[in-house]
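Next up is a structure, given as structure tokens.
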């Protein structure tokens, strides 16, 4: 077996939910005759989603969604799967990256699956010829959904897109646990530094940030949270973390991770205050959260190690991991989200793709929530795979929960 | 100073948010000429809310909302505050309890503040004469809101009620941290048992349940969660807790706390499986979560200690705390929620009461969310009282968060 | 049943290890004809130790070891147990306290059991007439052992004393978990303040301090540790806590607990820096860790609440719990160590008393460790009571662990 | 700069304690004229120790102590350092491994530094000619010290060896935090599985095991501990972990890590009970804790992936990481202990080597503890490097801690 196939099989064994859906797809062939275009991180877990869709009858064309996240052996093995065409290549140039996007679109997909909105953006700007054919899409990431909602708000989103990120089963597991663990393991393996005892700064206390904060703290770090929302700031405070501005955190932090989805979260005014040896990483989708432009312009010297760029600023060194791209995927050893959370996220993708295949033509342009029954179906499939039983309401309890005339 | 006054002052010093609001009320006298009827747990923290409303010009009539939660010395001191009348008495009979509800209503309040919906229920059933005068109300607790929504769904709620519980600033702090800590301290002080090493069963993984689970685990317990919702069950599982049905939990649990708002969560089929010496407590508003009726009917013997009833069932003893009433308040030593969370909750109450005073007449009958600006105002006042600064979006960041044309 | 008896029975059900030892004592009557003098906190758990010794044939005379820790109803019930005489009274004066010590000694005990060395100290100073008769003693607490070792170092300890505190089964459970939980529950119930989000300062990172630190942190506090030992300071740092001097901690702390066994840990130079509303408590045996003398001399005003003294210093108030005595026992609602840890500690006491009864005459004056086989016996009894099985070494493993010729 | 040099410099910046010692060595040249033989994991952190010793005047000859732990680029860069000779090669055969040991010994070292006792074992068995010249040695690991003590007990250890592992500064940091974090990061990166929610079985609750247990739990795992010592088993129980035999744990565990130092901890009777997909790893020095021989003999099929061997046993697959060797070092991506803990461990090594250089000739054959003043010196250097200040005893406190006549 090739190394790519071995990786795909390894991941497959920890993806029981997707396996259950695949069984259904094999039987029902819901995508027969449809072409699906995808731009996702091409690695072993994604390969299992792709082959699940192909097993459901789809012709799949896929490329990467980030120049540093493709695993070439997986891409090669995936390209050999029946009805799958793969154009992704690690460390491609920006031109190559967009050429591959174009390759996917040349196949005239009727459904798009994005992680960062590149396919949808391209279709709406440079390949508007395809708009007529597309019946809908799915988007994987918070950042992409931000952009899609902005587009929709301007009336410019011309087909329905399911926001696969904006659903409990994604927030609670992929964001909280997947990002939390993979960011930590990637930082630990790349830098070989200790987490215990460190001042670990988390920018943003959304689902990603709080998972990361809790787990860093679980390893023994002293966690500092920065926020722009007063309620989230108070939550972090009460959860036992220190809360302060990034300017104050810059002075004492040892390791910084941004999880905000916004730009310039660590920028000029912060660089000036960092300690010598500070480590900066980003867990948001785009490489804009750390102001790299400033660093490149102002560093006296830049030293490159595997996954680490050291910027010499005056007498101190500041280390940026993975060129400021998402640190859990884009370091040389980074493996991305753990398999089990991607099992849930890709189960949502597979079922939302099915939803679009069935209903897309009837839906107007815009951003749609994951249907609640899909979200719950994935939860139930996962519980079943774990062998966990839970309680259900008795008749008496159902009645009680609707009553209002029972007093003190 | 009387012991009641000393207690009220003690609480007052840890309620900076309410103090800031009181300053505003003293200046603006927004309740001038209004009568407010209240049914809340009458203890030191509540007294600070009451005197804040009175300082704003209101005439306040208050009684308890639970027969076991009144602190008599505080009630006495509170009754001496200008423009305040207090009818609450600890360990009153059910008849006395409802007589006091009637006393409050005899004052013809125009605004009601409930914790468990007793005033509103009474007005809508036995004192319908008052309906014309009432301009609106506030309800403090999840359980009360359940009942109000059921009423509203039947079209039977005839004035506007703000659901003070259903708002981020209440869920995140009062429910998570307030319930979590006070339930634990009350159990620890009442039973003198160790939490470390115990199998600690939490029924329900809502805001109350997850706060309690996390803190019990923080003391060294092995936490088991029971749920009826598959997503919450998975969250508990991933948060590191064991998830199972109550029937399975009954076999191994040492301490059980119900936080569901529903009835018969621990009932006949569970009692049969409990270990000798199992401790049962309830953190929900009403004493229905443990099936006490069954226990009283079937126990061979009942032994009463301070805050503990021991039911002898065959060869084993099962201990119920606080007669199955909310364990953080209704044990002899229980102090209820910590002061700081009640500062937030009562700040919400004070501002929502102001909101009703200003707008109630224009609002239709029904259940209303806490206005978002009130929720945020309380968060900002609390951050200010802690001396915490947080970041705010730069112009560049605001622009970025609305853009959609910046790619990979 | 009297309230004292009910309390003793309540505790008894969670003391399975002592119950197993009692069974053995009833059969063997090892203390037949012996008088045992005791000075311990007289409450329900101690009562179970006392009756266990009496069940073994001893005549027991007991008084308290702290003026604020006796529970009068338990003392009364205990006095009615066969062969037991109890002289303890809550809130006794210092004169009454020492009169009761004298009462115990008047019974001419041959074995002493102390918690704080009062009996031994008295015998060696004012009742030297008894020295000939005493065959040995047991001492429960760290502080007492400090003092005994100092005595022994000067050659002034004239009979053998087993240091029941200095043994793994005491350190790991009584100190870490017992002190940790009971200090927190006592502070929470006495002050009704929230732990989450607070700066919680722990002076000393010994067994007591680290248990307390970990559990406060488990409730959501930000923990600060002060130490005089560099290695312990580093341990605290790596465990995720902030480490600083008490002078620096004084500026930011909300709640302070001393666990050092030394004097003036919080003193003049610290009081000056405390925040308004700071809460100070002591978990060490004697009331010397907080410099109360200074506070009493320098406070403009002192306000007394149940378990809390408020010292007004300039514009700020500083609150001291339990008059600076051990906060887990000496607040009005404090219950002392949880039952299950006292089961272990008193099982050690019972077996060490047996050890002295059998071997004391052959042992020279001095401080002795708990024999390792007693320590292990208690561990095994506890595991058995929990129904826990553990592995044992196979023949092959025993051989491997003694070998040195198996290489890479 | 070569990649090896870049790695060595990266590590160097997070090793402030060793840097402080190097400064002293450069000045004093304490090893002038001495040859030091070393067998350690040859990677970037070790390189900093080696160059520190060389900077102190030593001629150093070094090879690896494990066939899978050498980093070839670091070995190459290290070999170019003045007065250093390096013979280590990754993935060498057993013959090559021992040939390199011989190469080191051919240089006739007067001091040995081992991690696993290979040099000392070789000298005492096959190179007894060297015994006369050797003045002493240092041993890094628990496992090596086990073997040395067994040797010493038989009177067969002919020169003094400092047990660098058996000292507080090593146990508390290297074992607890270093092993804990590096084992987790290596497992996470190698398997890409999620830790949250998993049943994570830790065999052994010594320093390594408890660090690992706490951190796995900090990431959201449900931790199960197996032990042979009843006290440690109870500690684990009270720390909130489940305790059971390995046979019971085998049935429910998802991930297993052995930290016992003994053999056959997971063996035939356990394999039979494992779940399909169970992951097994070892954190002890030697590859004996998992019975690999059995697996190799009985697997129907073996599949090899990077760092993972899958053994197909009947219908299930069992995965062993790093061929059962220490998982934090021997997986392809494993980085070994975090830099900061090795800074402490290697500072101890450097100072103990100095101690042997100065005193070895006067010391008899046997195993010696790290002198307490060395241990404390390292703690103080580390605190200084962190900028942390701690308290010191006042005169009054020193006096109090020696007194015994201050009563209740």
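First chain written, first letter: the chains are A, B, C and D, and each begins at residue 1.
Here is the rule we go by: a residue touches a chain if its C-beta (ideal position, glycine included) is under 8 Å from a C-beta of that chain, and two chains touch if they have at least 3 such contacts.
Remember, it's a predicted structure, so these values are computed and weren't measured experimentally.
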* Chain pair with the higher count of C-beta pairs in contact (B-C, A-C) -> B-C
* Structure fact -> Max Cα-centre separation from subunit B goes to chain D
* **CA centroid of subunit B to CA centroid of subunit C, Å** => 36
* Asked: Distance from the CA centroid of subunit A to that of subunit C, rounded to the nearest Å?
  -> 52
* Indicate the residues of subunit D shared as contacts by at least two other chains. => 177, 194, 196-197, 217, 220, 237-238
* Footprint of subunit A on subunit C - complex, ascending -> 194, 196-197, 217, 220-222, 237-242
* Residues of subunit D touching subunit C in their complex? -> 65-67, 97, 116-118, 121, 125, 146-148, 150-151, 154, 168-169, 172-173, 176-177, 226-231, 233-235, 237-238, 243-246, 248, 261-265, 286, 288, 375-376, 379-380, 382-383, 386, 388-394, 396-397, 400-408
* Asked: subunit C touches which residues of subunit B in the complex?
  -> 1, 3, 6-7, 10-11, 13-14, 44-45, 177-178, 180-182, 184-186, 188-189, 191-197, 215, 217-220, 277, 303, 305-306, 308, 317, 333, 335-336, 338-341
